[in-house]
Amino acid sequence: MSINRDEALEWIKACVEILGENRDYLTQLDAAIGDADHGANMDRGFKAVMGKIPEMSDKDIGTIFKTVGMTLLSTVGGAGGPLYGTFFIQAGMKTAGKMELSLEDWTSAMDAALSGIVMRGKAELGDKTMVDALTPALNALKQAMTDDLPLNQALKNSAEAAREGMVGTIPLVARKGRASYLGERSAGHQDPGATSSYLILKTAADTWSNS
Amino acid sequence: MSINRDEALEWIKACVEILGENRDYLTQLDAAIGDADHGANMDRGFKAVMGKIPEMSDKDIGTIFKTVGMTLLSTVGGAGGPLYGTFFIQAGMKTAGKMELSLEDWTSAMDAALSGIVMRGKAELGDKTMVDALTPALNALKQAMTDDLPLNQALKNSAEAAREGMVGTIPLVARKGRASYLGERSAGHQDPGATSSYLILKTAADTWSNS
Amino acid sequence: MKKLINKPDDVVMEELQGIVVAHPDLVKVHFNPNFVVRADAPIKGKVGVISGGGSGHEPMHGGYVGYGMLDAACPGAVFTSPTPDQMLEATKAVNGGAGVLHIVKNYTGDIMNFEMAADLARAEGIEVVAIVTDDDVAVQDSLYTAGRRGVGSTVLAEKVCGAAAEQLRSLEQVADVCRKVKAWGRSMGMALTSCTVPHVGKPTFDLPEDEMEIGIGIHGEPGRTRMKVKSADEITEMLMEPIIKDLPFKHGDEVLLFVNSMGGTPPIELYIIYRKAYEIAQKSGLKVVRNLIGPYITSLEMAGCSITMLKMDDDLLKLWDFPVKTVGLRWGM
Amino acid sequence: MKKLINKPDDVVMEELQGIVVAHPDLVKVHFNPNFVVRADAPIKGKVGVISGGGSGHEPMHGGYVGYGMLDAACPGAVFTSPTPDQMLEATKAVNGGAGVLHIVKNYTGDIMNFEMAADLARAEGIEVVAIVTDDDVAVQDSLYTAGRRGVGSTVLAEKVCGAAAEQLRSLEQVADVCRKVKAWGRSMGMALTSCTVPHVGKPTFDLPEDEMEIGIGIHGEPGRTRMKVKSADEITEMLMEPIIKDLPFKHGDEVLLFVNSMGGTPPIELYIIYRKAYEIAQKSGLKVVRNLIGPYITSLEMAGCSITMLKMDDDLLKLWDFPVKTVGLRWGM
């Protein structure tokens, strides 16, 4: 019922793969209401993270997350770079020195990560951003803690909540980020950042399904 | 058996019409082996000639032809401008002061006109230019004189010879003008200038079919 | 997609390599993190002026590095904001002790990346002021959204701020010049065709053969409306009217009129637009005292144009006329 | 066809009207016959330098009128040589008593129209020398054909001849500078897409989505060969090799390397080409001492590029560096 250092690294590697596979999909979503680069940006960033795997492999989870964050920060660019960079850096600070994460640890890491994104991007729930996927995901983790669910179930619930949040962005009119320039015309499209957030959390649930 | 001043003017007006109608056709021919402007150039030039009709209407044939030539010279541009300008100016000089043209007059006007084109453009027979339509047309006029044919028959023969010369440009490899840059690739296309020359002479034969 | 490129992922790097061998007299290129910097940077006692943004808008920003304009420019991937480490290193490279001005176009990504860089630079003791350009009147402005995009005014801001810095004005004074451009400049653009981002490989949007997009962004972001293609004169009216209304420009105002190509529109068409824009400005009582006509803030090979109008005063005029020596703008030297 | 124009037949006239209001400090525009002329023409004792050709190649030639370059330019209809009366009037307008140089690109139409104008000008007592540029190595040269097209070298000839004239050299001396550029300059171009002539309304040629045309002319004249699109590096090799071979350029030669956009190709791609062209020049032992990179002799909105290489000597270098103040090229003032 916990995630160890190697498993954390597995998640990161799986993210590299998943974001590579979804590069065109994310780009297409971004083409509709943005500038058609979210897929390429995330893929470039995680490919760079892949190059850091060797140097991370004997590190604690906090260092791993922080390294991922710093790498994303200097390779992704766009809105995604600082946001996901902050996400992982904050998660890393909360898990500094840890070789294993309990549900509590993960939840507080995600809490810090999301707070970092909100601080940086100032988006509110319903603005049609990644916050709309991450917020329900965090709430699901908190609920799971209250309900005393096992870690893998909590992760599953959180991924499912992220998915719902992601789908929930479709009817929304964007108020933050590039899609906001579109005004009403942004409605009817799924937000690319919410989608990449879902993919990352879904990958966590899948990688850690036996935890 | 002669062409009077009004008939000369009729021919010019008919040319305005015919070149307007064939604008796209000539442009297409020029697109294949040139720069897609011959139709527009000729049309622009003859439209300008149309504007000069009032001031030409009480003039002698030589003045009419010279005015047409000067107008083409300053409105057609490209290769066609100086060539057709020279053509009409030379024809005008040969017919200076005349109110009526016999077959001899017309033949010597055409002779001077063609010489002018050759002097200006230095093309030889077989170079895939308007010279390939005009030369046989002139020869047909000379033959008609030898054969003592009536003027309208001579004009008909000359137009037919121009048509054959025009079609004869198809297999040729261009050695003058813009088409020559194409080398061997110019073969298989009809020369636009030979085509406009044919149209002009055919229009003469049609306009003056009762002369 | 047809482009004169090798691998899509190498486009920006190879462009920078081209700049290295093309303009060693003017600029140096720093790789990893990438930035273009004046050959003579840092200049002691002079405020450093830097900008940056996604690539694909050339000559902006790298082409504006040089005497009298930018000290450094940070190019991101095509249409993607650069990363904080680029701006941090560029800031350090141009800091001559008088502080550094960041000219930032109003895009969430650009703002966040520049902000992080500014925080890091300040932590290293460098004074940084960031001004955000947001001149695109096509975008509805609101406190609750990301606001308007930064477009054509950015080029003008870089020119006059660069001149002010060259005159050794203080950081606050140079920033004030930038604030003035921000307050007095308005733009609007349109597209006849989409552009194709190299790593995407197909057009960002589909625009039928007889339609155009009014109010387009410089990254191919959809605009205000899509409609049948109109005449140049009608299009010019559609761009000028919201610009003039928005400031609002007043009768008697002196203005700089900037007609910009999105990349694929040739000069012959820009002058047709300029002709009408000038006429409209005149009819509105505005006095066009300076102009700029050409591809200065582009969107790859997109066909279309944008118009920017900047209200001028004596100081802006002097700063505009001040000598400049960059690849993209050059006069007086 | 999508273009920012009103009526196709008005394109050139309205462009000229745009120039009138855009650059009154630099040039005057004469209508009927049409030509763009230096605001301060004629300059007493200075050789006049004029050029002209079809429109659609902007900034050539009208954009090169000004101090240190052309005294006048005669724009024809799009892609159509101008008429003799234009060149005659322009020649008269710039004649300062020291004679006039006609820089003529080698096209039958240009040559014939310029010849007639020169004859008429001489008849009015003006000394005229005409030099024909014919630098396009894509065209097989032969005594029995129209020879090679005049392309990129023309821009360079206009620059250095304009400088020579500004230095008050004699007509023969200015003509000699032009002859040197004619002898030492070689070019070759390629297209990724066709352009569309406004009054035609559809692309001059069809080029499938995966093909390119090598050796294209600036009027969309078909080139040497058509083939599948290659990488920027391979294309650069295909253009550079025949250029270097043709002169032949020799080990140790100093050269000006000019990478030109056909109109629709943005700077980012030109620098990728320049990077490789520079490398090839270097490997061939050539020393690139000057360069020019941008859309300087275009073919409307055609995507593609051309490369021109001009062997330099001390005099050409000095003339190249001489101040110039035109819309299209400006430095030193």
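The letters A, B, C and D name the chains in turn, as written, and every chain counts its residues from 1.
Rule of thumb we're sticking to: contacts are C-beta pairs under 8 Å (C-beta built on N, C-alpha and C of every residue); 3 or more make two chains touch, one makes a residue touch a chain.
Predicted model, so just to flag it, every value in this text is computed and none were measured.
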Starting at chain B, fewest touch steps before arriving at chain D: 1
Relative to chain D, chain with the most remote C-alpha centre: A
Whole-Å separation of chain centres (CA-atom averages), chain B against chain C: 55
Inter-chain centre distance, chain A versus chain B - centres from mean C-alpha coordinates, in Å: 76
CA centroid of chain C to CA centroid of chain D, Å: 29
Chain C, residues touching no fewer than two other chains: 78
Chain B residues counted as touching two or more neighbouring chains: none
Pairwise touch network: line, ring, star, complete, or other: line
Chain pairs in mutual contact under the definition given at the outset: A-C, B-D, C-D
Interface residues, chain B side, partner chain D - complex: 27, 31, 33-37, 40-41, 44, 73-83, 120-121, 174-178, 180-183, 185
In the complex, chain C residues that touch chain A: 9, 33, 54, 76-85, 107-109, 112-113, 115-116, 138-140, 144-146, 149, 197, 199-200, 204-205, 217, 219-222
Complex contact set, residues of chain D against chain C: 2-6, 11-12, 14-19, 21-22, 55-56, 58-59, 63, 78, 192-193, 209-210, 212, 229, 231-233, 235, 263-275, 278-279, 288, 291, 293, 295, 298, 300-301, 303-305, 325, 327, 330-333
